[in-house]
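Here chain A shows up in two complexes: once beside chain B, once beside chain C.
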Partner chain A sequence: MVAKTAERDRCVTGVEGLDTILYGGIPRSNTVLLTGSCGTGKTSLALEFLMHGAVKDENSLFVSVTENSEKLLQNIIPYKFFDKSLIKSGRLVFVDMPVMYERLGLTKAELSMEEIELLVNSLASLAKELQTKRLVIDSITSVCYKLKTSEKIRDFILKLSKALSDLGCTSILVGEVTADSASYSTFGVEEAIADGIILMANMERRGDLLRTLQVIKMRGTMHSRAKYVLDLTPVGVLLVPLLKGGSTG
Partner chain B sequence: MSPEMVSAQQIASELNETPPSSAVSLQMSVDNYLDVIRGVVDLFANKRQMDTIYVAATISSDAIKRVLQALDIDDSRVYFVDCISHIMLGATATQQDEQTTLVESPTMLENIMLKVEYLIRRSQSKDKLVVIDSINSLAIHNNNWILSEFLHVLVSGLRSRDAYTVILTVEEHSTPELNNMVSLVCDHGIHAGKKEG
Partner chain C sequence: MNFTSIGIPALDEHLGGGIHKGSTVLVMGSPGSGTEFFAKQFASTGREAVTYFTSTERDEDVLSVMREYGWRTDMKIINVGTKYYERVLAKKLEISRFRQEGITLGDIRKFKEGDAAKEENFLTFLAYEISKLNPPFRVVINSLDFFLENYESPEVLMAMRTIKAHTQHSESVTLMTMLKGVHESRIQSSIEDLSDVIIELDREKVGHEFKKYIIVQKVRNRPSQVGIIPAVYDKTGIRPAQAP
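Now for the complex of A and B:
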C-alpha cells in the first residue's frame, strides 16, 4: 500500500479554473510570483484573489506600488461578486506603498540593508495588525528597483516571505517582465525564491492575441503545467485550455 | 418542384426527445434555415423557457435578430456570441450589449468557448441551449485539427453543465471530414435537409 503524504491546507483562490489547475488552490502560506508583461491581466487576477478571500471572511491586503489605489479602484472590472462594503468593513484593505515609504522616511533612490529590514518589519507588522490571510504586492518589481542589487532583493523577498508565511498569510507578488523576456522576473532573483510561479502572457497566433496563463511551479501541490487561455469578465477570470491543433508554437 | 423539407415542429419534437447535456448534430439545407431557427429557438428552447446561447459564425447577430423578428420569435432569451461583426469592421450595426458579446474573429476559438462559458454562468435559466451556427463557417477560418479539438473541449464542457448543444451543418457546403468531426462529438443526429428520394 502506498503511504499517503500529508496534504497541505489550501488557500482557495476562488478563480475556479486556477483552483482546478492547482488541485484545490494555493498551498496556504505560500508566496507566489504572478508574473507577466503588461496587459496580461495580472492585477485583475490578483485583485480577484483578494476579493474572494474577503468575501470568505479572510482579511485581505493589497499593497499598491505602481498605481494609486483610488485610481485602481476606479478602473476595476465591475465584478458581480464584489461588495464595496468589504472595504468599509476592513476585510479588504488597500495601502499605497509610496505613502508607506514616506512615513518610514525611505525616500532615497536606493535602500540600505537596515532600511530593507525596516520595510519588511513594517509590512509584516501591518499584516499582523490587520490579521491578513491574503496579501498582494503590485508590483514587487517596482519595489526591487529601490533595492538595486541581487543580494538586497534576495534578502528582502526571503525575509518578507518568511514573515508572511509565519503569519499564515498566502501572498502574491506581482512581477513585471517584458514581452520578449526569457526569464520569469526582471532581476532573476524573485523567481528563485518564490514558492510558486504563475506566468501570464500575450500569445500571438495567426495574428490573434490571446491572454494565457501557465503555472510554472508551485511548492506543496501537484499542478497542471499546461497553458490556458483566459478572459477577464464580470464573473471573474475564466480559463479554457489552449487549443493545440494546427499550432506550431 | 422543390424537395419536401423537415418542418420546424419535427425538429423541435426530435430535440425534445433528447436528454439534457445532449449534443445534437443538425444537418440542414440552406433552404431550410428559417424552419431550423423556428424549430430550435422558438419551438424547443423558448417553449421550455430555456436560455439560448447562439454562436453566430455565419451571419452577424444583428442579421439573425432580424430573422427572429421577421419570424415573430421572442429573442429576449437569446444571447449571442458574435464572431462575424468585428471582422466586418463597422459594416454592421451590431454593438456589444447585455445580449451580444463580440469575438474578434472566428479563429479565436478559445475566446468563443470563454464567451459561452461567461454567458452560461450569467444565465439564470435551469436549462440552457448552445447553438453553433455553423461548423461549415468555422471551417472556413480554422483547420480541421483545431476545429475538432474545439468541438471536443466545448461539448465536453457543456455536457458537464447539463447544457444542450446543437451544431448546425449546412449539407450543401459540408464535407465527409466535417461530418465525421461533428458526429464524433454528438450523440444524436437530426437530418433537416432535403429529403432523399
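Now for the complex of A and C:
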C-alpha cells in the first residue's frame, strides 16, 4: 500500500530562492524560528516575508519587541516592491510589544505563568482581530528574557504556536544567538518547539563577510539542508547555493 | 524661645512648654483613636508655614473638619492619595480592563509615550517636597502607613531619617501618624527610635463609655515628661482633662 500524505497548503514566502529550498513555501500555520547572530539579515528577511504577504492581500503583522517600529520603518531597505499604502490600508500592521506590556501591566522583570497566558491570549486576540495570516515577532529572544526559565519559555512558545496555528497564521519568530553559539537559540528551548528552524549566519570567505542561510528543519515538507549565500538587494533577498569548489581561501 | 506648640496648649503645658523646635513627632494609635484628628489640630497652630501631606483624605475632607472646629486652615495640602489614585490606581483599573477584554489595535494606537510614565516613587516625592520647604516649616505626614504599605521598610526608614534630619537642622517641626500594631515590630521600633516625641492615643472601655488617654511615650532627653494623661474630646478638639 502506498502511503498517501495530503500535501499541506503552503505559505509562499515570496523570497527568491527560499520557496525553492522549501519546495514551495512554509507549510501554512507553521511557527518558524528564524535565528542567527546580529547583522545576518533576519529582520530584513522577516519583513520581506510580510511584505510579500501583504501585497498578496494576506494581512500581515509585525510585532516589534526590541526596536521602536517607527524607527524600524525609517531604516527599512527601500524595497522596489514595497508599497507604503499597504500600511495605510492595514494589510501590514506594525505593533510595539512594549506598548502591549504597558497596556497589560506586564512591566515586571519576570512574568508569571498566568501573565504568559495573558500575553499569548492578547497576541492571539490581536491576530484574530486583524485576521492576520502572517506574523513576525522580532525578537522572541527579547520576550524570553522576561520569562527566564526554560519551563516558561516552553510554555509560552507552545501556547503561542498553538493559538496562531489555530488561526491559520504562519509565523516567524526571530531569534538572536551569538556568533559562536553551538545552539540555534539563546535558551535552547525555542528550537526544540518550533515547527521549523532557519539559520542565518555570517561567514568569512576570502576577506568577504558573506551572509548565509540554511533551513535546518521544517515540519510538513521536504527541504534542502544546503547552505545558501544571501544577498540583500533592493529587489529583496536573493539566495544562491554556496559554491564549495575552490573555496578554501 | 526653643519651644513651639504641639497644637494643644494644655498638652504643651504637660510637656513643659511645648515641643522643641527641630522635633519629629510620632502620633500613634489604633484605627479610630483620633490620630488624624490630632494631626489636624497640630496643623492649625504655630508660627511656621504649614504643609499637610495626606494619603487618605480628599483636600475638602481635611478642610471641612478644620473649619468645623474653627481652626486655621491657611496651609498647603499636598494630596499624595489623589496623586496615587491618578497615577497608580486608575492605571491599574485600566490594566485590569485590558487583561479582561484583551487589547485591540485601537488601544495600542491610542497609547502615547506619556502613558508609560515611569512609576512615580511617592516616597522620593515626599522627601523632595519637604526638602523644598522654606524653614521653619510645620509638616504633617498623614500617614506613614501609606508609605509602609507601598515601599520596602528600609526605604521608608531612610526617607524618614532624611526628613527628620532636615526638620532638625532647619529648626522646624514634623508630625507623622502611624497605626499601632499593624507593622512589623522592628520597623515600628525604628520609627519610634527616630522620633523625638511619641504620643499615643488610647481608650479604655469603662462601663458603657470610653475613657480616653493621651499617652506621652517619649520626649527625647526629658524622660520625666512621659506619662498617661486622661483626655477629653470637645468642641475645641482633643485636650488633657486637667492642667498638670
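Just so it is clear, the second predicted complex is superposed on the first by the 242 of 249 C-alpha atoms of A that agree within 3 Å, B and C clash if a C-alpha of one lies under 4 Å from a C-alpha of the other, contacts with A are read in each partner's own complex, and residues count from 1 in each chain.
Here is the rule we use: a residue touches a chain if its C-beta (ideal position, glycine included) is under 8 Å from a C-beta of that chain, and two chains touch if they have at least 3 such contacts.
What you see is a predicted model; the values in this text were computed from it and never measured.
**Student:** Scan A:S85 for contacts with chain B and chain C and give back first, second, both or neither.
**Tutor:** A:S85: touches no partner chain.
**Student:** After the superposition on A, what does A:S112 contact: first (chain B), second (chain C), both or neither?
**Tutor:** Once the two structures are laid over each other on A, A:S112 reaches no partner at all.
**Student:** Who does A:S150 touch here: chain B (first), chain C (second), both, or neither?
**Tutor:** A:S150: touches no partner chain.
**Student:** Pick one for A:E102: touches chain B only (first), chain C only (second), both, or neither.
**Tutor:** So A:E102 only meets chain C here.
**Student:** A:S183 contacts which: chain B (first), chain C (second), both, neither?
**Tutor:** Once the two structures are laid over each other on A, A:S183 reaches no partner at all.
**Student:** After superposition on the shared chain, which partner residues are touched by A:V93: those of chain B (first), chain C (second), both, or neither?
**Tutor:** In the superposition, A:V93 contacts chain C only.
**Student:** Based on the superposed arrangement, let me know which partner A:E129 touches: chain B (first), chain C (second), both, or neither?
**Tutor:** Touch status of A:E129: second partner only.
**Student:** Which partner does A:N121 contact after superposing on A: first (chain B), second (chain C), both, neither?
**Tutor:** In the superposed model, A:N121 contacts chain C only, not chain B.
**Student:** Where on chain A do chain B and chain C both make contact?
**Tutor:** Dual-contact residues (chain A): none.
**Student:** Quick one: which bits of chain A touch chain C in the complex? Just the residue numbers, please.
**Tutor:** 93, 95-96, 98-100, 102-105, 107, 118, 121-122, 125-126, 129-130
**Student:** Residue numbers of chain B touching chain A in their complex, please.
**Tutor:** Residue list for chain B touching chain A: 104-105, 107-111, 113-115, 117-118, 121-122, 142-150, 153, 157.
**Student:** Sort out for me which residues of chain C touch chain A in the complex.
**Tutor:** 91-92, 95-96, 98-99, 102-105, 107-108, 111, 115-116, 119
**Student:** Would you tell me which residues of chain A are touching chain B in their complex?
**Tutor:** 205-208, 210, 229-231, 233, 235, 238, 240-247
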